[in-house]
Each structure stands twice: as C-alpha cells, then as structure tokens.
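Just passing along the structure, written as structure tokens.
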C-alpha cells in the first residue's frame, strides 16, 4: 500500500487538494481572497513536494508507470499551475466560482498526470479526456461573455470529434495488434498499411491537442474566447503535457515506425511553423496573437521531437519548462491589462512602457524568450531543439526552422515596438497589479533568465534520461 | 589576465546602471564602466604582447574553460589570439567614445546606457569565446539592443529601419546557426569547441554546405552584397551612439566570424568559394562607393561607404593569403574606429544644424573648427590617407590580394584600388559641401564641441593615428594569427 | 661614414611644427606661430645644407662614385618576409639635392609668408599646413622604400589639398582643392597598382633592392617580370607606366594637368612652394628614382615618359600664351618646364655620357625651383600690392615695386634661357640630350623654349610696363624685409645657380659627368629665346591693340588655347555624365529599388500571403473539422501510398 | 441463411439507416428518435455478439441517459415544429465527398488487412468477469481507469453545474 | 449472402463512423452535431466489441474500452449540453453558423 502512495504521490496530492476544495465548497465556503491564498499555498507545497519522496515504478499491471523524467515533467506542470494561481490572481479573485475553477483545473491537471504516466491506450484515452473536458468547462467560465461560451463550444465539439478519430484509430490498433498496452504494442507493430492508417488517426488526435497544422484551427478561437487563466492553462500546461506524452508515445510505442513518423513530424512541423507564423503576423488581439505564436512554437517542439534521441527528450522537456515561464508571463501581463482596462489589442499597448515599465519589461522578456533571443532561456530552449533536430543532418528542415525564427521575431518585435517605441496620446493607465501577480511575474522573469544561464538545469533534465 | 573580467565588467556596469536613480549618476557609472573596459583592454593587450614576446606558442592565450551544458559538449571556453585582442581594443575605444557622445541623451537615459553596455557585453563575449555555441550566444545578444536603440532613440523611419536591421541580422544568424549545427554534427565527438574542431578535418561535403551558410550568415553582419541593405537604413536611423556601435562594433562581429569560424574551420570550403566571395566583395566595394557618391544625407553617405569599406574586409578574407587576412582584420579595426568617429561627428553636426543634408550646410569650419577638423581627419582616414589607420589597412589588403597571379584576383584587386578614387570623390564632396564654402545663413552662431564630445573624438583620433603611424604593433598582433589560419588553408590541396 | 641619424630631424622638425601649431596654435600661438614655424624650418635648412655639404664633399663618394647611403631604416609594416614598408632615409645625390631645394624654398616661403599672410585669421593653421607639407615633401625625397614614397606622396597630396583650400569660404578654392586632390588621387591609384606589380615581381619594396633586382640582367625576378605580359606589353613595363601615371598626376603632365591651374586658388606663397618648386617635381623625382629600371629594363616606358613630357611642355606653353591671370600663366609655365624635365629623362640613357638627360633634368629641376619660386613670390608681391590676379589690372608697376621688378626680370631671363642665368645652363643640357637622342622631341622642345621666352616676357611687360595701372585707394609699399629678402635670395639663386658644375654631383650612375659646354649648339636655342622675348616686347611693352588683332586672326587656335583645349570640359563630361549619371546614379537606384526592393518585397509577400490564407481560419467549427479530416486522409494517403 | 444472419442484417440495416436518417432529418425530434433507434440497433448488435452486459450498459447509459439529455436540451433550445436550417449545398457535397473518401480509404485498408487471431483461451464477458476485473488492481485490473472516470464524471458534473446553472438573470 | 463476420461488422462500424462524421460536418444545430458525435463513438464501440469477439477473446480489453467510452460519452455529452445551453442563453441560437464571432 505504501508503494501505491509513493509511486502515485503526485496524483494523490492533487486528488487530496481537489477534495479539500470540494469540502470547502460544500461547506460554508470561504472568501475568494483567502481561498486563493490557500490554493496558492497548497499548490506551492504540491510543487515543492514534487521534488521529494519520489519513487519510480509501475502499477496496475503497467497501466500506470512513472520514472524520473515523468516526475520532472509533472513538476513542471505543477509549477505552471502554481504560477497560474499567482499570475491570474486578479481575475480569479473576481470570479464567482473560484473553488470550482480550481477543482476543474486540478482535475485536468490530474488527467495530465495520469496521461503522461499512462501505460496503455485506455488510460491514455481516459486521462486525455479528463484533461480536456474540464478545460472546456473552464473555457466557459466568463459566464456572461458570448465569446467565452463560443470558445467552450468550439473546444468541446472539436475535441469530441478528435476523440472520435482517436478512438477509431485506437480500435484499429487494437484490432490489428490485440493489445492496448504500451509495453506489448511495439512488439506487435509491423508497419502494415492498416497500422499506418491507425497511426495516422492517433497522430491526428495528438496533433489536434498540440495544435499542429492543419489540426490547429480551434486553437486561436478558443484562446481568444476563453478567460485568460484558462487560455494560459490550455496553451502552456495542456500543451506541455501533450508534448510529453506525444513524444514518449512516438519514441517508445511507435519507435519501430520511426521512419514514417519522422517524415510526418517534419512535414507538419514545417507547416505548423509557417502557418502559425503567417497567422500570427496579422493578429491584433493579443490572445489570438499568442495563440498563433504558440502554434509556431509547437512547430519548434516538433523539431526537437523529430530527433528521437535522449537529447530530443531533454530538449523538449527543457523547452516546455522555459515555455511555461515565458508564455505564462506574457499571458499574465496581457491578463492584468485586460482585466483592468479590457484592452486586448496590440495597438492599445502603444506607449505602455511610459506608464507600466515593470509590466513592459516582463512582457519584453517573455516575448524575447519566445522569440529565442539571448540571454533569455528561450534562446537555449530553441537552440537545443534545433540541435537535437539537426542530428539527422536534414539541413533543409533546420534551415526552414531557423528562417521561421526570423518571421516570428518580426511579430514579437511588433509588440515590443508598440510597447516601447510607438507614441500614444492615451496610453494604458498605470495598472495596479496584485502582489501575488507581481510575485508570479518576478518568478517568471527570473525563470526566463536563469533557466538558460544556469546550465545545470538542463544537465539535470538530461541526467534523468 | 582573466578574460572573464571582460564580461563581468560590462555586466556589473549594466547592473549598476539599472540601480542608479538619476540620469547623471547613470552617465557617470557608464563612463566609469567604459573606462574600466578600456583599461582592461589595454591590460589585455600588454599582457598578450608579453606572452607573445616570451614566445608562447599557443594559438589561443589566456584560455579558460568552464562547464556549461556538458551534455551538449558545450563549455564556456574563452581565449584570445591577436585578432581577438585587436577587436577587443577596438570595442573598448568605441564604447567609451559612444558613452561620451551620448552625454546629452535626455529620454530614458538609464535604458539607453543599459543597452549600450549590453551591446558591448555581447561584443566582448563574441570576441573571446572559443566555443561556437557561446560565440553564437553573444552574437545574438548584440542584436536586440541595436533594435531597441534604433527604435526608441532613433529618428527618421526608425521603426522600419530597426525592424529591417533586426530581421536581417537574425536572418544572418539563423544561417550561422544552421552552419554551426552542421559543423557540430559533422565530427564524431559532437563538439562546438573551436580548437577541437580545428584539429579535426571537417568532411569536405559538410564544408561545402556549411561554409556558405556560415560565411553568408556572418556576412550579413558585415554587409555582404547584396544583403547589405540594412546598413544604410539602420545606420541613418540610429541615434549617434547607436550608429557608432553598429558600424564600429557590430559590423565587425561578422567579419570576425567569417574569419574565425568560416574560414578557419573550413579551409576547403573557403578555397572552393573564394571566387564568389571575391566577386561579391569587389562588387560591394565599387558599388558601395558609387552608391555613396549619390547620397545627400551624411549618415547615408557614411553607411554606404561602410558597405564599401567592409567590402575590403571580405575581400581580404576571400583572398586567403596571410597578408590579405591580416589586412582584413586591420581594416576591421580601422573602419571601426573611423566610422564610429565619423558617426560621432555627424551626430555633433546634426545636433547643431538639425540637418544631415549636405546641401543644406556650408562653411561650418568657421563656427565649429574643432568638429570640422575631426571631420577632416576622419574623412581623410576614410579615403586612405597615410598616417591614419585606413591607409594601412587598405594597403595591407591590396598587398595581400595582389599575391595571386590569376586574372580574377588581379582584376578584383585593381578594381578595389580604383575605389580609392571614388572614395576621394565622395569624401571631398561631403567635406567640401559641409565644411567649406561660404557659411549658410542661420548657422553663424552655432557652438563648437563640448568637453565630452571633444574627449570622445580625441580618443578615437588617437586610435586612428596610432594605427596609422605605428601599424607594426597591430600587424605584430594580427599577423601570427592569420599565419595560423593560412597554414590550415595550405594544408588543403 | 659618420652618424647620420640626425638627418631624420630634417623632416621631423617641420612635423613638430605642424603638430605644435595644429593642435595648440589657435589658442596659444595666434601671432607667434609664424616665427615658430620659420625657426624650426631654419634649423632644418641648416641641417640640410650641412648634410649636403657632408655628402657631396666628405663621405658620399667612394672610389669616384656617389653611394646610396641608408643611414636610417626601420621596418614599419611587414607584409611578408622581404616585403615590408620601411621607414628610412636614403642619401644619394638627388635626394640630398632635393633636401636642400625643399628646405631652402620652403624657408623662403615661410619667411615671405610672415608678411604676406599676416593678419589672416587662420595664420597658425597656415603655418601648420606649411609644416605638414614640408615634412611630407622631405619625407618623400628621402624615401628608401617605394611604399614609403607612396605614403609621403599621399601626404604631400593632402597638404596640397589643405593649402589650396586654405580660403575655404571661397567656392572656387573649394572646387580647386577638390579637383587637385581627386585628379592626383586618380593618378595615385595608378602609382599604387604599379607598386603592386613591381613589388610582386621583385619581391621587395626597398628601392635599392628593387632596382638591383630589376636591372641586373641575370636576375630571376627581372626575367619573370619581362616574361609575364598583358595586352602584349610586359608586366614590368606596365608597372613602370602605372608608376609613371602617378608621377604624371603629381607633376601635372598632360592629360592629368588640369588641376594645376586651378590650384592657384591657394595663397600665392603656397603656389610658389608647392605648385612650382617642390611638389610638382615629385613626378620627375619619382621617375629619376626608378631611372635605372626605366632605362635598362623598360625603354618603352621611358619613351612614353619622353613623349608625354614633350607634349605637356608644348601644350602648356601654348596655353600659357593666352592666359590673363598671372598665376595661371605661371602655372602653365610650370607645367611646361616640368615637361622639359620629364622628357629630358625620357631621352636619357643610363650611365656615362648617355645619362646626360638625367643630369640635365635634375639640373633643370634645381634651377627651376629657384626661378619659379622667385616668379611666384614676385607675382605674390604684385598681387599683394594690386589685389588682383588679372593682367588687365596691372601695368607700369616697375616704379612701385622696384625690387620685385628686378628680381622678376632675373627670373624671367632665367626661365627664358638667356645666358648667363641659371635656366640657360640647364635648358641647354636638356636640349642637347634631346638633340642627341630624339629629334622630334628636340624640335618640339626648341619651339617650346621660344614660346616660353615669349609668354614670360608677355607677363613681365604686362605687369611692369605697358599701360599705367589704375592705382587707387591706399597701397602700402613693397612690404618689409621679410617679403623682400626671399626675393633677393632666390634671385641670387636664379642668377647664379647655373654655374654649379652639376654633372659633378648628379648623374645617372653616380659617377662624374663631364658636361662639355657646346657654344655652337647653344646659339640656336638662345636665338629662339631672344626672338620670343623681342616679340613679347614688341607686343606688350606699350599698350596697343596688336595682341588682340593677332588673337583675332588666330581665333580658332587662340580660343582653343584660351579654353585650355577644352580638357576641363572633357573631364567635366566624364565625371558628371559618366561617373555620376551612368554609374553612380544607377548604382544608387539599383540599391534603393532592386536590392532593397527585394528585401522589402519579401516582407510584403509574407504579409500578402498571410492575408490571403486567412480564410482558412473561418471561425466555423465544422470547417475546422473538415480540415481535420482532410488532413488525416491526406497524411494517410501520403504515407500509405506515396511515401513508402 | 440462418436466422442469426437475418437478424444481423436487419440490425445492420437498422443501425445504418436510422443513423443516416438521424444526421439528415430536418426535424430535430425525429433526428433524436432516429439516433435512439440507431443506438438500440447497436445494443442489439451487442446482443447478437453475445455481449449482453455491454448491451445492457449501452441501453441504460445511452438510451436512458444521453438521449434523454439530448431531448431535454432540444426542449430547452428549440421551438417546437421548427425545421432545422439547411446547410449550404457546397458544404454538404464537400462533406459527403470527404467522408466518403475517408470511408473508402478505411474500408480498403481494413479489407486489405489480414487480421490475425489469438489462439489463447477466451474469457467469457460475463458480468462477474467484468466486475472482477473492473475493480481489480493487479493483473488485468481496471480499478485505476475506473477511478479516473469517476473523477472525470465528478469534474464534468461540477463543470456542468457551474455553466448551466442560471446564476443571475443576465441578459445576453 | 455470406455468413456475417468480422468484416461485416467492420463495414457497419466504418459506415456509421463516417455517417457520424458527415453529420458533424453538415448539421447546423449544435445538438444535432452532438448527436453525430454519439454515432461516431458508437461505431467505435462496435469496433471494439467486434475485435474483442472475433480476434482477441483472450482478454477483455475491448469490452472495457467500450464501457469506458460509454462513460466518457456521457460526461462529454453532459458538458457539451451545458455549454450549448449557456451559449443559447447568450446567443439565443444554437446554430453553429452563428457562433463564429472569432475568426481569422
């Protein structure tokens, strides 16, 4: 029994928090402020505990397994959730359904934990749904807003559709191999065309969740409509977890079909980077802008994934870690501004530096990191992804990726330009950021700078493999 | 001599600047930092000479190596040879001059100086790193400060220029990146270490792909034709110190990279592509010169002339002889100092006349003798007057280039020689119209340089004259290094 | 050989003057700068004369041959082994002679300027520039290395530029200084390429080694240099021709002479120093320096030198006859005289009696420095008095300016070749050399020397005789001692320098050249000279309309000559139409529209594509699903059927 | 042709026809009813395959739960008798084409594939077998997915409550 | 007519799957789209059971998958309907073509 507790420690903790919140909700409830503080403390504790008493192993006949990499991945996700609780404090405090929000969010997180720990297709599917359905509900949390429910609708319908595709694929896999376990599956894969077809179905479902072109179309709309905290969760935590499981599924389960999926990943990666960038170029809404930019980022993650090496794993994990800091910071700044002024357009940001230097610097740091400019960590993240991807000596692929960095730089600079250079008669007034948000931004800023420069972080990740 | 100091000093300066409360504190901190840089650079210079005199046979001196991302075989490996020392000296000169010239920046002073110092940090790091990854890291660090400097403190169509600059430079560095990755994976042990790589023969087929990537990538920084178009716009929109840094330091990153990374690591590729390099650089030299002739804006003029002058750098590198490569490095140093000074002077003039159009000026010698004297000096340096640095560098390039007897090299050299005439035409035109002739109405009461401007100009002039009158020290510094590069090239047959 | 390092002081003293006055002059030596400069130069002059004495009479000669001594020499910039730019001092007859000439004339000009330039606002600057020029010129003449010479060559050019543009607020001066610089620069590019060629084949930049390698018949270097050819001409010849182009530029040889007349925009003493006595003979000096190579290894190049010299001499003389600005007349006369020196070299051989032309050329250089400086200073004195350069404003000045008048007359006689003035002796030798070697050149030269006498005396009579000038307002007298002393000293030189036994000291191979005086030969030139003088006297001594009539009758030629044979227009055409309009403008246009346009177009195209494909993101969730399915099908088909 | 075969084809026809009707009918209630028939057909198919437990679950959850839910939601959102809006013809054709291509491709692959069979002893899908496994934690135990699903259902419930609960009479 | 077997069932399920997909593509009413999804999920169920029955009867993987799919379908449907109702409140319409405020 002790083993159950230890190996599934992270899941237990999350479950415990969920139930605690549920109790509070069912009881007389608490004021939003103190409840939020409680949640923040709990999440921080959760994050910190993630580094201790870890035990590797597998349970339930291999349905659940964990390893040091997986534990670290979970820690990244915990960190992200903790940061979300800090960064979006302003919006959260105003929310009527704060406990529900966190219950859903943590359920989704739990789903992600199970997902990256899953050892068979059933567990994978279930936890994927657990990680999706609550988020769809969370997307609707701006209850009065039309676009919020539109976003939720788009998300739930298209993810249901993608689930259908996924399931059909799984059923074909099951039929062709007779197993759904990740351990035995690889031995049964022989590259027959039906298996390829089934694989494509599965791949498409992953691609849908990761917003890979052409399965990405829901992303921008959902990001734009959903409340900022949900969007941030979706774009960072959700993406990260999917990337992890996607990678390990490709490597471990479909390792024998490497040649096929390498090409698939390459084509889609190029398409994703290009399309993501081209759309990001013309966005005015900051959330939509970040959505497309995150699509382009996924293209880069794919470059790393394509390497199918331990370097690939570490660089993807590393990149996601950096991405957590950078993207959350960007969203948080946008959220602070949006929740106090309602402004979400890039043009509204003109002259922001005059009135809000702190927010501007954090935003700039985050965007530079997303663009891969040193000394921010994004530079290292992107570079390692490319380096991992380059190990196949596919120059064309790497060149396209590298050139896409320029396009992406262009639109990141567009925001930078608005913030720092453009003149504005009526800039956004001084924003009063919540202390928690400030703390979160500082953590993100430090993370953005230090994750790269302190090389032991990467080495630690690498050593986990 | 601990090379880390070269990174730490700017870093500390930058941090200190962020902590300062008001503009004047910021300025003085920046000046102190810049002075410290200059002192450090000189200490390094003398320490290096001492080692050299003692007969230290190592290619790279003062090496230091720290672990950094060991899983990628990346290490923070520092070291200098003569070329780096020369570039570091150049950087230190330009930085202090840039700091002095910007004394009057009123808007967002703290940020301005912070970015300036950050830029210098990137440059130093670039010049001392012996690990390609670290080198690339510093190369990119230097891009964004430029963007912000132009975009925030610039004038004219600054946003456009800043964007263009950042994108083109990033484009260049993207190519560099791909090239570096190719190099990285071409060797069995996967290393970014420059010295290790130079011991290993990089396979010819890799060189064939990676050399052009690296050379063009770095070439963008140093305005290789036809990827030079960021230069005119970028320089002309930048604030004075920005232009100085841009032309004085940033463009040198490219030349240094071409030499240190592309040619040094891939001699075979260099040989294969030398013809193209020569053709392109010759075009750049002449074309830049002729384009300069038609400019009416002083900054555009200097920017285009930079294209032409940097063509000499690439020509020198492309010729692949010891002398020509030495000349290329000298040209980098010389052009760095000279063009920084030129921009400084243009800035001073602009601050007073509020125009940069040559035909709107005239007879300024009367009211600002000091500034115009400097303008004369720098103009003469630009057109290659002996006794000033430009001459030495250009002549070394010519001498080196002439060593190939085949027609292409000959023609290229002759064409390059002829460019000195065109240079004379445009420089004299500029000087004639701005400084000489009857004074234009409204300019009678303009003031001459202030102490900081004078100091800045004098520092750079000292550099220019020192190289011009005593080139041997620079030559002694650079030539052994280029000899080593040449030996690598000669190994390839 | 005694310790001769002190010779370095000769150029360095003026340099010190330049630095001192250039940096501090404006603030600290506003009035005393002239004295400082002059004093420094005086010391240099004394040193130069001392050196000359020592060289010619004490240690220079070994076994009857003047040696090339290199008392000072250090490596300045080493390119590769053997090829390096050295800074050194070479002592041989011509350099020692030039040391004396340059310091002496320069000293005269310094002294003269004390009065002439007094009260100028930029007085210290003026002296600083003079110092710079003197330094550069001295450095040039003592260069032991061809690249060193090139360096000082350029410095000379720039100091000339600075001095011509001294009156920077006059647009004409600005134009003139630019023109001078650019034209000579163009020639210098040739010089530079020539240096590259020579150094490539000889493997050295050192004059002595270079000459030795390229003249000894069995040297590999020479064989290579002759064997390599381009357009049917050997590389060596090309090299020398290119070097000569450099010399021709500085020495204002046709067709690179156009800058010289305009250069008269500078202060008159400057014209005396630079554009008469010293800088403009640098080309001659350069050819003389490389003379053995020219004469022994590339006679074609030397022939070219001869013809260019002769043509220049003739054309300049013709033009000089028509000019009305006295300084311009003198400028053309300078050009013409340098043409003499040049073709004298061109008709010379190397060694022994053959080297007569060489000696003659150097001799003429020497004497010309005296009388031409004198002429300019005299002209300056006149201009100083009358405040005009135009002949029509002058006349009958002999009463007002007696000493100027006398000295000017001496100079005119000297240049006209009237015995026993200096010019007679040197010109005589030149004509003799030409007569012996090339009859075409000889007759051209003969005719030209007649013209010389004519236009000089046209000048003389127009200034000092003719009508009475309209003198009004306040005119100070002839100036003080400082103004007159140089005139007198130079007059003495112009009168007596001819008696120096020049062949004893300067010859092509260092041995003594017995220059026999051929009385019967000199009759013809002197006679022609006298005819010229008397024609001028007839036409210009009294005010009359004969000159105009003659001009009218020769209208075509006269006009062409007056307009300097339209060479200026040709140059304008080349620069404006070809350089600017045909190359510069298209280059700039190309850059702006094509190269930059492409870069911008890339950006635009990206934007356009981005706009075009926006329909993909239609906002309709069903459409998204359709794309989804299509993606799946496409991938499946691709990987099942196409990309196996 | 045995009776079981006939039943099979009847069931197949029921599933496909009512499925097709349910996606094309312009009467939303009818569509829901067709859906119901189709689902019942599938339950019948499970019966036919002798997976009675699954068939039961199918009927209970789908027929008793989901379809009812759908009908309720139709009540909430639809005016009675209103015909459904028609999709654009282009979209219809295009969708049909895409769906058909997918169908053809899948079917082709499925028919080309030689499915292998296990030779091991079959486990009867009895209620007790299923129940034991469902709550087992060791070999072939499905306790963990069970827990996951329960959390999912809990979360979905909370989500639904928050979203669908009419908190304030907010006008849209 | 042949004896019905695995391939027959697979035909039915595949056909049902794409019928559902077609419905999802063409139905404008959100509830009917949801219904199409149910068809899709059911076709998958059929697949699983068929495979389990005909090919891999040694384990009950297919059966369990089906059970869980049913459960998931319920949760998904519930959430979707909640969202649709919410959307209906704000839009006064559940026509999918009207819910396209966010695009490009």
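We just call them A, B, C, D and E in the order they show up, numbering each chain from 1.
Definition applied: contacts are C-beta pairs under 8 Å (C-beta built on N, C-alpha and C of every residue); 3 or more make two chains touch, one makes a residue touch a chain.
This is a predicted model, so every value here is computed, not measured.
The chains in contact with subunit B as well as with subunit D are A, C. Of all chains in the assembly, those touching subunit A and also subunit D are C, E. Taking each chain's centre as the mean of its C-alpha atoms, the one that lies farthest from the centre of subunit C is D. This structure's chain pair with the greatest number of C-beta contacts is D-E.
Separating the CA-averaged centres of subunit A and subunit E is a span of 27 Å. For the pair subunit B and subunit C, the distance between mean C-alpha positions equals 36 Å. For the pair subunit A and subunit B, the distance between C-alpha centroids works out to 42 Å. Once the centre of each chain is set as its mean CA position, subunit C and subunit E turn out to be 96 Å apart.
The residues of subunit B that reach two or more other chains are 167, listed in rising order.
Multi-chain contact residues of subunit A (touching two or more other chains) are listed as 122, 126, 129, 133, 136-137, 140, 143-144, 146, 149, 152-154, 157, 161, 172, 175, 178, 193, 197, 220-221, 282, 410.
Touching two or more other chains at once are residues 603, 614, 617, 619, 621-622, 625-626, 629-630, 632, 636, 640 of subunit C.
Contact annotation for chain pairs lists A-B, A-C, A-D, A-E, B-C, C-D, C-E, D-E, with touch applied as defined.
Those residues of subunit B that touch subunit C in the complex are listed here as 164, 167-168, 226, 228-229, 232-233, 287, 290-291, 293-295, 304, 322-323, 363, 365-366, 369, 380, 383-387, 391-392, 395-396, 398-400, 402-403, 405, 413-414, 417-418, 420-422, 424-425, 428-429, 432, 435-439, 470-472, 475, 479.
Touching subunit D in their complex are the following residues of subunit A: 15, 18, 59-61, 63-64, 96-97, 100, 103-104, 107-108, 110-111, 114, 122-123, 126-127, 129-130, 133-134, 136-138, 140-141, 143-144, 146, 149, 152, 172, 175-176, 178, 192-194, 197. Subunit C meets subunit A in the complex at residues 603, 606-607, 609-611, 613-614, 616-617, 619, 621, 623-625, 627-632, 635-636, 639-640, 643.
Residues 121-122, 125-126, 129, 133, 136-137, 140, 143-147, 149-154, 156-157, 160-161, 163-164, 167-168, 170-172, 174-175, 178-180, 220-221, 224-225, 282, 288 of subunit A are the ones touching subunit E in the complex. Contacts from subunit A toward subunit B in the complex involve residues 311, 314, 368, 373-375, 379-380, 383-384, 386-387, 390-391, 393, 395, 398-399, 402-403, 405-406, 409-410, 413, 416-417, 420-422, 455, 458-459, 462-463.
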